[in-house]
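Structure in structure tokens, see below.
In this document, chain identifiers A, B, C, D and E correspond to the written order of the chains, with residue numbering beginning at 1 in each.
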């Protein structure tokens, strides 16, 4: 069984620890929710896992392979794909090129297949193949960003605020996609401000505050005891 | 309410009172203006006069960069432009020195406004290159028409025995002229401060963040952008006039486009975010090479040192040397700076 | 009241707005629709950043399309952006004050408007802090303060609730509801948070593929089957 | 035709040089997001080394080899050692940093080779062809051909190949490119290396056709930037034709006596005018990434 | 062995006399060879009794072709170091910037490598070389007399006090003779020699006068060779092409075709000064220091200076006495110069205005004319001075 083991990870941004000695395990086929107030360090965690922020301490292993301090493309090749927050896409490139660019880890033919799969999931993107990604609406960009992660056919997806700015219908569709991916064996880290959505889907829930985990456990517990979350938000 | 308590922690209230921290630059300027001419050798006085003049130019670059996020790679050409006008008037009209450099500044400002026109629709590297094109064109133009030297006609240039631009009657000697330049530069810095602290400063900050956002709060983006370029051109033009007074003539060879790029680079290295970053930039531009020359480092070796140091500084000091100094000072004295 | 007549916008081949005609008169009007429906474009037309191919807009008797964007803002048409636009290096009060700079107010009057807007958005305690130190919620509130200061006529907020936690959305909801009482302005609100829309908007318009699907009282609109089909998904709102 | 034909051909001869230089600059910019002010200096050092190798009596292919190796090594060295340290800065800062590199190279050249008139003579100088009554050496034709080949080849390379896409990805958003799994270091190294190769070729041809003078070759990058401005720093094709057009305009200005001394300014003036024309009627809204 | 100053073989041990020079070393061209030669000569003098026992301390500064730096280093020499005079300066920018400083501080500059008009038109600067004007006019004058040129086009740089200054007086000379002269001006950084050549062709000239630095000239002439039309014109040049490297630079095609003006007598001359100059260089200068026209001029400036100083009471050599002694230099002759050297009290100086022509031959140069005085109205005030000083005119 595939797993990502994060062990005592610390990440520094500026002069403070955005992620402070954090340990967490993601398992294949499971949706792990990560909740927490603004500035808790969730996005920093994602970027550090993806290899674009330097790690100050601790380790990250994917199936026993040490990936912390490795180049981003190595991490991606090891099966971990991140969807950074804020629907970031390659604004000057066409939608199609955006998707192709996400498949550098695969052989060209595999990448093209994967791109075709994404068009199947998001027909909106297929209609806009040649449009510059930067000129699409926020929601369309978010679809593209998720599509980019899918093209890599990863074992694990880190989805940072995926529902931000999306209409309910699309959020539902994306959540459907996430559930299906999990069913097919992909492990997912789901970061959400809409806690109810995340808690509905998640197999396990974590709450983060000031760079540390303040709660780990069953999502149901958070639904039953909203105070846990509330305290985390006030602490920030 | 709960947000009030959450927010109060991040309240790093700034006081606007006149404190020793705001007074010391003023005292430092005064001290330099009085003491330096008494102790420095003639060479260093000349060098420091150049430093003061280019500090004004660097400040004009930093202003555009910091406030509007715009890059001008034509600032030395603006100096040439201001210098040309000042010389032309000095020979042609015999006006007092102050009026000549003021006119030089104003004409440079007008030229700056003309260049703000393309800037209205551009930014970043692309705009920078447009200004570089202007600087390139100026370099060639001035090579042909030269700076006025008392000749006839509109251009005021003739191949003939030299005559020299008169200096202000209060500042005939090198010592007095140095003090004069310090005074003018000080006024220039003050002018920048006044703009930054006031309404234009807020408008520019919004424009830099996003022009759309600026328009959405009712700022006339066209006007303020042009105003920024005009102010920047004005300061560079005045600096050009001062430079003309320093040598009492100007030579086209001082104004190739590469110099404009260089002084921009040094302004970044000096630190565009602090007023004394401009002074550091000017020291790097004029004092350091003079020092290397004086201790016998060949000009070519100085180029290598200079190029390497430039890259090194750009890589290691993202907020410039001034930024590093500020950090150092605040660390040494344990002062609490906005640490975000 | 804002009377919008026959507004059309196209970007190259994409029709972003298609003959939109609607009257907006309630105190808080919601604008919803799927991603890419043209909501932001609609705001852009109102605020002057996109020039429509055709149509007219009359707000409280003024022909809005004739004014340049900054004049519209001075006239009283204010907006926030989908991506927040707070200036890090300015203080909170300067961020908000920038809008008052352009209204030719006396310094006392300016200070009065400024304090009121900061008080209204709960930012008084941090007014002298650099915006760089603000969290996402405070930044949103700064934008709202900027939009509400100095007697505006219309506020247009583009997804102010995006990325906020539930407690914060709650505060936001109260603030938006109070805007009219604070300065007499009407509010147009784009958001994908249907709960928020439902809570604060007395009427709502729905866009899809650039066309107006429907508009009317929020409750009716949200139960309209067409809206549920294009926007909410059928089994929602159970 | 007659005389005009001669001026046309003469303009093409110089234009080919602008075009070749401009294409090399745009290529690097598209692949790494860096406008390389040191491009001329790199080519100059390559050309000077080639001259030295010829002086030592080695055959011309050795000289070419030396030039290209030096071009690639210098450019790649910068790309690997220095450029990553500046990758998070704005494009302008990245660009001016390369000026520091260029100046250091210039200083080194002047230290190694005392300023003196020199000449680089290549085998192709011996052959010549005649157009409209104006003879051009093989080297000049080579410059034009090289420009065409690089322009056509690069257009295809960037839009049609995977490596090309990787380069564009990188230039668009370096951090996101990393997240998406683009092997950044490798791609950048290749791009810088290839750009250095082009700088070497350009330097060699310029050293022969313009003048073998380190300072002139170093600073010729500034008028060449004019062609890239017309090409909006992205279009290789437009840059190429802009180079040719500027050369031709410069040449024809010779015919108008009052402007003849200013004709070297034509790259700058053409660039500004084209730009204003391209911007005409554009509304002042949403400049940049708002 | 070289002869220098007192030539007594005794090392000078006294109080040093400070002498300065400003040269343009770092930049588009290296103008330091005149100071190299002067330095060699001063070293030689110092080992041979100095100035009546006092050694010369020679301070050379690089102006880096930058007007501001030129002003700074001259200030350093004149005000901080208090040199008694400047000797053998060579620069494109220094003289224009500093003429006023020298006049204000009453210090003389006995330059050796002047290239711009200002240099010859100021009170406190006198140069041993003659600058572009006499060289250009001299070349044209010779071509008219010996090649039958009727229409000369001068290819110069756009810098007014260099290109237009010299080419312009050539045009005046041609007009005065009822012939035609014109100019084609180039920006120093230009890449385009092709259209410059076409412009020259369009002028209808029968003779092309190169008035460019050697590197630019080589580029221009390469375009000419490419075009295959070289033989349709007569080719002459001002001094910059009189350089040992040039025959190799231009290649054999130009041997026999190109005639170059020389401001001083040939480098391989056999007169006493020519021989002594080479001997001084061999003994006291570096192997790599060039032996060119400017080197000759630097040597001569230094020798004339030393000769003037030797006449003074060594204890009383200061700036005022040195300046006066330099102004009093009159009618000095040398086999390196066509005419006599003098300074005088005038407000402009151009003692050297007669020159010779050399033909470029395979691997070198061949002298093809005797000293000829330049025929230009520009020299009228100069000749008036000479009359006053009693220098014979031929």
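The criterion applied here is as follows: a contact is a pair of C-beta atoms (placed from the backbone, for glycine too) under 8 Å apart; a residue touches a chain by one contact, two chains touch by 3 or more.
Note that the structure is a prediction, hence the values are computed from the model and not measured.
Steps from chain A to chain E, taking the shortest chain of touch contacts, total 2.
Farthest from chain D in terms of Cα centroid separation is C. Comparing chain pairs B-E and B-D, the larger number of C-beta contacts belongs to B-D. The chain with its C-alpha centre at the largest distance from the centre of chain A is E.
Rounded to whole angstrom, the centroid-to-centroid distance between chain B and chain D, based on C-alpha atoms, equals 31 Å. In this assembly, the C-alpha centroid of chain D lies 38 Å from the C-alpha centroid of chain E. In whole angstrom, the spacing between the mean C-alpha positions of chain C and chain D is 49. Computed centre separation for the pair chain B/chain C is 41 angstrom, with centres defined by C-alpha atoms.
Shown for chain E are the residues that touch two or more other chains, namely 26-27, 158, 185, 187. Touching two or more other chains at once are residues 2, 140, 144, 210, 212-213, 215, 221, 298-300, 302-303, 340 of chain B. Touching two or more other chains at once are residues 110, 219, 223, 261, 264, 285-286, 290 of chain D. Touching chain B in their complex are the following residues of chain E: 25-27, 61-62, 64-69, 71-73, 75-76, 78-80, 92-93, 96-97, 99-100, 117-118, 121-122, 158-161, 164-165, 168, 185, 187-188, 347-348. Against chain B, in their complex, chain D makes its touches with residues 35, 37, 82, 85-86, 89-93, 95-97, 99-108, 110-111, 219, 222-223, 225-226, 228-229, 232-233, 261-262, 264-265, 267-269, 271-272, 275-276, 279, 282, 284-288, 290. Partner chain D is touched in their complex by these residues of chain B: 71, 117-118, 120-126, 128-130, 132-134, 136-137, 140-141, 144, 210-213, 215, 221-222, 256-258, 261-262, 264-265, 268, 298-304, 306-311, 314-315, 318. For chain C in complex with chain B, the residues that touch the partner chain are 47-49, 68-71, 73-74, 78-81, 85-91, 94, 97-99, 101-103, 122-123, 125-126, 128-130, 132-135, 137-138, 146, 167, 171.
Residue ranges of chain D in contact with chain E, taken from their complex: 3, 6-7, 10-11, 13-14, 17-18, 110, 114-119, 121, 125, 128, 134-137, 140, 206, 209-213, 215-216, 219-220, 223, 247, 250-251, 254-255, 260-261, 263-264.
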